[in-house]
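Worksheet for the structure shown next.
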Amino acid sequence: MSAWLQPEPSNWWPIVDDALMEDVGSGDITSGCLAEELMFSWKIEAQQDGFLSGVAIADYLLGPMPGDPDSAWIEADRADGDFIKRGDVVLKGKCLARRVLTCERTVLNFLMHMSGIATLTSQFVQKVEGTGARIVDTRKTLPMLRSLEKYAVRCGGGHNHRMGLYDGVMIKDNHIAAAGSIQKAVDRVKEYASHMTKIEVECETIEQVEQAIAAGADIVLLDNMDPFQMRNAVSKFKGKVLLEASGGVTLDTVRAIAQTGVDLISVGALTHSAPGMPFHLEAS
Amino acid sequence: MSAWLQPEPSNWWPIVDDALMEDVGSGDITSGCLAEELMFSWKIEAQQDGFLSGVAIADYLLGPMPGDPDSAWIEADRADGDFIKRGDVVLKGKCLARRVLTCERTVLNFLMHMSGIATLTSQFVQKVEGTGARIVDTRKTLPMLRSLEKYAVRCGGGHNHRMGLYDGVMIKDNHIAAAGSIQKAVDRVKEYASHMTKIEVECETIEQVEQAIAAGADIVLLDNMDPFQMRNAVSKFKGKVLLEASGGVTLDTVRAIAQTGVDLISVGALTHSAPGMPFHLEAS
Amino acid sequence: MSAWLQPEPSNWWPIVDDALMEDVGSGDITSGCLAEELMFSWKIEAQQDGFLSGVAIADYLLGPMPGDPDSAWIEADRADGDFIKRGDVVLKGKCLARRVLTCERTVLNFLMHMSGIATLTSQFVQKVEGTGARIVDTRKTLPMLRSLEKYAVRCGGGHNHRMGLYDGVMIKDNHIAAAGSIQKAVDRVKEYASHMTKIEVECETIEQVEQAIAAGADIVLLDNMDPFQMRNAVSKFKGKVLLEASGGVTLDTVRAIAQTGVDLISVGALTHSAPGMPFHLEAS
Amino acid sequence: MSAWLQPEPSNWWPIVDDALMEDVGSGDITSGCLAEELMFSWKIEAQQDGFLSGVAIADYLLGPMPGDPDSAWIEADRADGDFIKRGDVVLKGKCLARRVLTCERTVLNFLMHMSGIATLTSQFVQKVEGTGARIVDTRKTLPMLRSLEKYAVRCGGGHNHRMGLYDGVMIKDNHIAAAGSIQKAVDRVKEYASHMTKIEVECETIEQVEQAIAAGADIVLLDNMDPFQMRNAVSKFKGKVLLEASGGVTLDTVRAIAQTGVDLISVGALTHSAPGMPFHLEAS
Amino acid sequence: MSAWLQPEPSNWWPIVDDALMEDVGSGDITSGCLAEELMFSWKIEAQQDGFLSGVAIADYLLGPMPGDPDSAWIEADRADGDFIKRGDVVLKGKCLARRVLTCERTVLNFLMHMSGIATLTSQFVQKVEGTGARIVDTRKTLPMLRSLEKYAVRCGGGHNHRMGLYDGVMIKDNHIAAAGSIQKAVDRVKEYASHMTKIEVECETIEQVEQAIAAGADIVLLDNMDPFQMRNAVSKFKGKVLLEASGGVTLDTVRAIAQTGVDLISVGALTHSAPGMPFHLEAS
Amino acid sequence: MSAWLQPEPSNWWPIVDDALMEDVGSGDITSGCLAEELMFSWKIEAQQDGFLSGVAIADYLLGPMPGDPDSAWIEADRADGDFIKRGDVVLKGKCLARRVLTCERTVLNFLMHMSGIATLTSQFVQKVEGTGARIVDTRKTLPMLRSLEKYAVRCGGGHNHRMGLYDGVMIKDNHIAAAGSIQKAVDRVKEYASHMTKIEVECETIEQVEQAIAAGADIVLLDNMDPFQMRNAVSKFKGKVLLEASGGVTLDTVRAIAQTGVDLISVGALTHSAPGMPFHLEAS
């Protein structure tokens, strides 16, 4: 179940710490009503069916403090990527009551958001089962959450597109217009880019696809093409470059798109419109 | 139209800067295909009807650089809180092509998320029109985006609950259980809390509401009560404390809840499940 | 003795770390004269009578390193809020000589400042004993020390006013003048402010107090009123709103002010003019 | 008037920005009662006689925004180091009402603290006038304020001791005890320290002063010696090393100490116990 | 001359600011000997022949302050990538004497290091002229300087390998040993890696090269092979994958290596062992 | 062997953490090909003779995680300052394979750079053996590495000049020209500088040396003087001030310079041009 790579903790620790501080601010003025030494046994339950993502963050916020193994006990009953049903306990533990009540909302906010993305992704993935097409995400992510959101996509069975503007070249309509032509844009990139970099070109017509391949693109994005055009592109170019469909992809349309034979289908909604998946924390 | 208070820029500059850097990383390796001095005229169009939120962020990322008024030109045709229709141009401007293509996705990600929240909020607000109930948000927000998300709620006509754990006391079931009773929890808080702090108590029964009021609560949260119970609470306690309904609130149920006479209805979905509202940037 | 809430460690760790680095800079070039492995047993003694505040910071700087319980031994003989006499040992411990001599001044600077505030606060608190008035602090604090200074006020038996501009509304003369009237200022605030927020209005005359109450203020600040005016305000409004006296409060005048029946007396000097309370660290 | 060196702005910008954010937090919820575009003319008046310090910080917080010269107007009537009388206007200006009311307390907190230090320092400096002794500060400063506090000491006519543990060697009793002897401690330091570093040794007896000089100290600290001992040290060693008096220095005792002929008198109270000097900001 | 992409300023501003602060610390205690308002006309001259890199950093540190165009005047006579001769003036300007003397060393340290790298790179590039082989850098760079060092390599006519562990897969001997085989390592990577990612495999023998190509590598690194082996690899595999030579590359050996027909030659020394190229700043 | 003072870890932890993050970025996409739990035994070998520096950094990056002593095992066979021969194992250990392969390059980059500096320094130190002259470094260091580079100089047997602009006064030709004369510059400094500060003056002629001594300099820098001039300066002024030679110092010239009798010889190349000393990490 660990085929996917966890995001580097040093990438998510700061945002988790910051999220907690954003909530706590100058202090949790409610938790002071609890005795300082009071311990509290808790469990986190899913309130809806879906795919789990974010266990490591709960672990980080509610597990033992660094260097003090006795400060808390925690146990994960389920792992990231697991399908869980409403009412399933996913984590349980025990620590100072003040601490768990202060951290509760931050923990649940991460679990809700990441599991929501994993769950929506899994719905797309199931739709294209057997077609050979990969569901991939986009850069339509929320500020500073990209690593976690792209990880959640992997937990739902999806794959990742480039992480950002730095680890892959994507030449779009505006680049082409400004550079003069696909050929000129690609040539320009090859002058300065590392030999480790792949180049993708966004195309709206079959002619553009031809130009992109001639110019040396590694991947072609079929932008808002209809299934007929996509099928045409697949029949001509599959195997020469990777073909990625994009635009107008919904749970209703995705299977038809996959059946055209494209290699990849990118879906912005995975990260920008996944509804939160609810969990609650209670005494156990 | 400026009845609401903009979030302090120093609260959102860092997250906007960080979001841009998250995307750019070691460099935008595509934009190098454009001539260094090339200027580009752009416009941002809504691709769906809804309420606008986030203009200041577009302004910050695509407007003139500090101290260099000639580096860019920008004009907002619409303001935060405006209703906009599909196809409306909301902002237009001109600056270096490399800069606008590098910043494009970051700008659109903020607009999409914030306008999505404003739009969902406005749907709830319209449902309760005329009932006197206020739609309020919760702490179910995304990491480091709380100020902006709560501002987007205001742009959609909603109101805000407390900002975090620091600016209001909310005594929940777990606090009551751990403290022994509502009375004990409230007494404990009053010992140390500032006289500027209001106290809200989460109640599941009418008996608990009575105890909360006797203990000196300023606001009572009616947690997952049915409309009959809420009406009962309203008839007994309205005017003595503020009454807030919470739990199971959807676009289908919200009007019936509002008609019970509660003062406030809190809706987590405003921030955790609002679908993104799409915009695109193109040459003008 | 733990009726008060400790400030969130994540609020003071950074300022404590920064204070140490401010002192150490590129390195403590004196401590190199000591053998690297040399251990040193130390104790910290009060050099004056007063109230203690800041033990957790000494603990943090001189206690065991995270994950290395054997790196230091530390024991606090006294707790925050305790009255201590000149010569009392408040903490003792043992660790590397280089470490303790490098941290010594930073530890003592915090203890001196915080205990100085607790001590001055306790003098005001003792003066008003039996009158029912609470001594509260202000926002006249030193940069980045507000959490710790307000905690020190609590250690001395005082109470806190709002933490900052964000957790309570305080409408002052300049706001009233600019908004047009007390009524207009309060109405404007109620439009956008959360229902969790209390509103205080600064008043210089009884007429203003009346206007503030009519406008819906929760607390009224009697600004620089003489005892006769205060008594008048108390006789008319006590119980309707909280009454806070401010201005010209000294150890000589505070009891007379308290005896007017006001609920709260705010004293800026607690944080801006408390003399440091001296401690020294020596070999034990 | 610029004989003293201003602290590097990059040293104080962060603490000033942080102080403002500490106060503003998630937003100034009072200033929203003012119209967004309303301008406000203000002046800052001293409420007590004293020496001024901190004008640059007021300038930074209330002057024009970078790159927008028309956003504010500001004028300083007095300069750091000036003697000012109660009622004197020290600065005046005009900017958005919301901005000035949000920044007011932060500006005044810095002016109050720094001018308080300058004022107390000037009292010590006046006492020793004509004796040739310099009044110098210590490391008994508040967290992250050392640069500003040491600058305030210079504004009051005092001089600075070392900035921290990194820019001068000070061998104290604990170092001597741990190293074995003054000679050993000094030898050890000379092995690794830069040739740019001066060495001071804390001495409690004339014998120790002799040892320190023999070991090669550049400065000797006469720790808690009585005037008779100091005079003895002066008669024997003046001119060979610098002699610094320390311990028990008050406004009552400082002149007698200076008259012993010591070169330097260090006074911790300058920074740890200077009462704040009050200023207020009002409409002009 | 702008074929190469400048590193994102937001990537180098922080390290440049930090470098200045590292040098200035609590303040430049020498520059205080200059009158505060004194202006100073300066020029920077090369003290050796070589290739220039780092002009933008001099510009940033010695040019006009943001929002104050009159605060300084600066002019670059030469651009990054230019060949310059001993005695050539590369930049000149005028600003406050205190500012230029405080920044001088930081400016020169960057110019010296970056131009040193550009110069050494150009020597390798000249050696392989006409062979078709590209000189590329490695990850043997100095902390936090990678973007600037890799840019300097481009200024000297070299090309860049991957920026870090995140933008390209490089399977080395230890990965192969631990994964079991080249095939297994590559398969594993393809499961989770983005389709935008290229895969390079480090090979010590022709058999390994064959395995790497069979497994689907995009690039093969010929590790420490002798020219005979390289020629063999080239004859068999050129055109199927990119071939990169590595190990034992010096100015003496590089041409022979290039003549084997490899596509790329990576040279760690470009960044880890380039001698600084000296410049000095003086009055003009 | 511990005569030198280690740099404060809080000074190098951030740069080491940052260097690792610079390399890892959004994640090490190669190490994912290794099983998550796989352990790996490693050793680091020198690939060249030289002096070691940087062991603590390897320890920090590859040793046990804070609070988890069982997460890794590490052992240093050699200490900083040791002479090591090609093939010597300097450190060995065992930890998760993913972790060691991710950190490998960062560890080696520090060892390579610091040991390179120590090795070059030791060559200069050996050349001047017996002459009594100290080899000292300069401020020609790389951004944010000054503490570590100056420590590496000490590991090679050299000594340090001032750390930065803040801990010693160095009056150069530009200062003298701008201030009017050496006397004026020194007088000005003495007005504001702490009594803990030493003053060095850069002199190009014997007349300037005389002026500097008359003005009260503690150290004189003989700038680009020939051995004859230096000898002259030594014969006249040795013992009155420290004499430092600077300019044109190479391994060929340094002994002749030392034999003139100067106290100090400063060499910029120690830090700006030391070739990296190679190490490799392999399975053990």
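The chains carry the letters A, B, C, D, E and F, assigned in the order they are written, with residues numbered from 1 in each.
The definition used in the following text is that a residue touches a chain if its C-beta (ideal position, glycine included) is under 8 Å from a C-beta of that chain, and two chains touch if they have at least 3 such contacts.
Remember, it's a predicted structure, so these values are computed and weren't measured experimentally.
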Chain separated most widely from chain F, comparing mean CA positions: B
Classification of the chain A:chain F interface as same or different, half of numbers criterion: different
Winner on C-beta contact pairs when B-E is weighed against A-D: B-E
Whole-Å gap separating chain E and chain F, where each centre is the average of the chain's CA atoms: 23
Inter-chain centre distance, chain A versus chain E - centres from mean C-alpha coordinates, in Å: 33
In chain A, residues with contacts to at least two other chains: 4-5, 24-29, 31-32, 66-67, 146, 163-164, 166-168, 192, 197
Residues of chain B touching chain C in the complex: 3-5, 134, 136, 154, 159-163, 166-168, 191-192, 194-198, 200, 219, 242, 244, 263-264
Chain B-touching residues of chain D, taken from the complex the two chains share: 17, 20-21, 24-29, 31-32, 36, 66-67
Contacting residues of chain B [partner chain A, same complex]: 15-16, 18-19, 22-35, 38, 40, 97, 101-102, 105-106, 108-110, 112-113, 116, 139-146, 163-175, 177-179, 184-186, 188-189, 192-193, 197, 268-269, 272-273, 275-276, 282-283
Sites on chain B touched by chain D in the complex: 2, 4-5, 7-8, 10-11, 64-69, 146-147, 163-164, 166-167
In the complex with chain D, residue positions of chain A that touch it: 25-26
